[in-house]
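Lettered A, B, C and D in written order, each chain numbered from 1.
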Amino acid sequence: MKYPDTEAYKFVVKRLSELGVYLDDIAEIVYGLEGKYLPKLTIQDCLNAVVNVVHKREVLNNAMSGLELDRLTQEGLIKEPLASIIKNDIGVFGTDESLALAISQLYGSIGTTNYGYVDKDKTGIINKLDTDDYQVNTFSDDIVGAIASAAAAKVAHDHS
Amino acid sequence: MKYPDTEAYKFVVKRLSELGVYLDDIAEIVYGLEGKYLPKLTIQDCLNAVVNVVHKREVLNNAMSGLELDRLTQEGLIKEPLASIIKNDIGVFGTDESLALAISQLYGSIGTTNYGYVDKDKTGIINKLDTDDYQVNTFSDDIVGAIASAAAAKVAHDHS
Amino acid sequence: MKYPDTEAYKFVVKRLSELGVYLDDIAEIVYGLEGKYLPKLTIQDCLNAVVNVVHKREVLNNAMSGLELDRLTQEGLIKEPLASIIKNDIGVFGTDESLALAISQLYGSIGTTNYGYVDKDKTGIINKLDTDDYQVNTFSDDIVGAIASAAAAKVAHDHS
Amino acid sequence: MKYPDTEAYKFVVKRLSELGVYLDDIAEIVYGLEGKYLPKLTIQDCLNAVVNVVHKREVLNNAMSGLELDRLTQEGLIKEPLASIIKNDIGVFGTDESLALAISQLYGSIGTTNYGYVDKDKTGIINKLDTDDYQVNTFSDDIVGAIASAAAAKVAHDHS
């Protein structure tokens, strides 16, 4: 079986948009992370980096898996006790961060430290996902944070 | 919400047994990895290390998530193209290894290199899971390999 | 050769003290990270966790390697271009964070995200190391941040 | 300070050649890892991938740091107990694998599992480094293994 690059990319972009997240929102987090260090950086550079990151297969695979785990929890298809752990987004879960770190590590240690910061700071669209009371976003907010962190690391390398 | 330690442990042990995997099978892989270096090591030491590893929360969480993704794929509840990618266990997926590495890294770099070896060598019960044509075991074989690798690292540290 | 646990521990504690860093300073960073979430947490709990972390062999090994690389750079014993890269602590180096992440990952994804945050936020003694103009602290500040992050993850797990 | 890309690349290639390691030797390990899965793969493809990997900054930085730690240990410039731990390449050290994993993780989970396998299997030039009684190669063999594993992952992605 050949890897379905186009379908995987479309799946992730579509599912994120259903959650109210657009690649432009992620580009804004990237700009927030790197703009102060790179005076020539534009929002368009950040968006290009996000699009580039979201085309990587391992990014797509971890993103799809996390997004599906959120959806399946929301729809009551995950067994206990995992369902309650995900629904409550409890602090010692860590699997959401595991998938996110697998994304950010592809962009080296800057990617990984960026993700750790974003995970605590929760700016922009990540905060909106994290505080949404109607939808299970346990994995989604980390996936979005990891994509932003990876794109920020890419932008930092490209501009130095 | 308090973390449900006992239910999570029971879930993982029960689900593995439904797949034909017992903690004793994992202990045998541990013995195969470390027995040659540690002449005093017994199968009982290996089983104790496996039981110890499977009580760690982050091990349980990654194991539950992987086991559920296999089950949900088997039952046709995962959307495309992720369903086909998991069903075909294609080489460039990587999310199964991401969850497994998150387990083995808890036991340091020995845990991680052990897992890389086990993932290629596929001895014992891992081979049985990997070649089962009737069941989706894309995540399960990696989870089992990671638990074995983590327990092998624990045994190596405790005996040196 | 048997692993020299006691000498390694003494080496790290002594070298940190020569840099003006005491385990109590690290305990304060731990309290800063976790105190707001864990109302019963005391500074003494944090110090106990730090001492516990600093006894782990893989922590000691990565710490000694980083501390020696700083000292050898300071003393002019590292070859170019690595010497200048370390002396200038340039943003795209990443090896300092690699050693630090190897420490924090032993405490799971909470350890790793904590470290990413601390690496940007640079509170307390880390800031003092980072802004010292007379000494090469490229690795030291990350080692200290990683020990604090690992201890914070330990405290979070133990109290939940 | 601008990152010295050319000097760093030259440093690594020159130091490896002093240890008797040429990029062609690494390309052969890559072919050994991937040739059986990719019938159209040539040694030239493998060499191209190795050259590409060795141009990445984070690869160069971790490689330079590991190679210098070996040299400094050989020349008696590292303090005890770290000197003896490195000289004896003791199994529970792990810092050599930490630097190597930081390289292989840049190429995703295939890179990392490849490295774990290579680290145990020790084929080709890695075996020669590992069994050299006159030179300290504690970090060097892992750096070479990680570069080979990263290049193998790159080749696997490019050909699938």
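Descriptive notes on the structure:
Here, a residue touches a chain if its C-beta (ideal position, glycine included) is under 8 Å from a C-beta of that chain, and two chains touch if they have at least 3 such contacts.
If you're wondering where the values come from, they're calculated on a predicted model, not measured in any experiment.
In terms of C-beta pairs in contact, A-B outnumbers the other of A-B and A-C. Chain centres here are C-alpha means, and the one lying farthest from chain B is C.
As a whole-number value, the distance joining the C-alpha centres of chain A and chain D reads 31 Å.
Centre to centre, using the average C-alpha position, chain A and chain B are separated by 26 Å. Rounded to whole angstrom units, the spacing between the C-alpha centres of chain A and chain C is 27. Within chain A, contacts with two or more other chains are made by residues 3, 57-58, 92, 94, 98, 101-102, 108-109, 157, 160. Touching chain D in their complex are the following residues of chain C: 1, 3-4, 7-8, 11, 57-58, 61-62, 64-65, 68-69, 71-72, 77-82, 84-85, 88, 90, 92-95, 98-99, 101-102. Residues 2-3, 57-58, 102, 105-109, 157, 160 of chain A are the ones that touch chain D when the two sit in their complex.
Residues 37, 91-92, 94, 97-98, 101, 108-110, 112-121, 156-157, 160 of chain B are the ones touching chain D in the complex.
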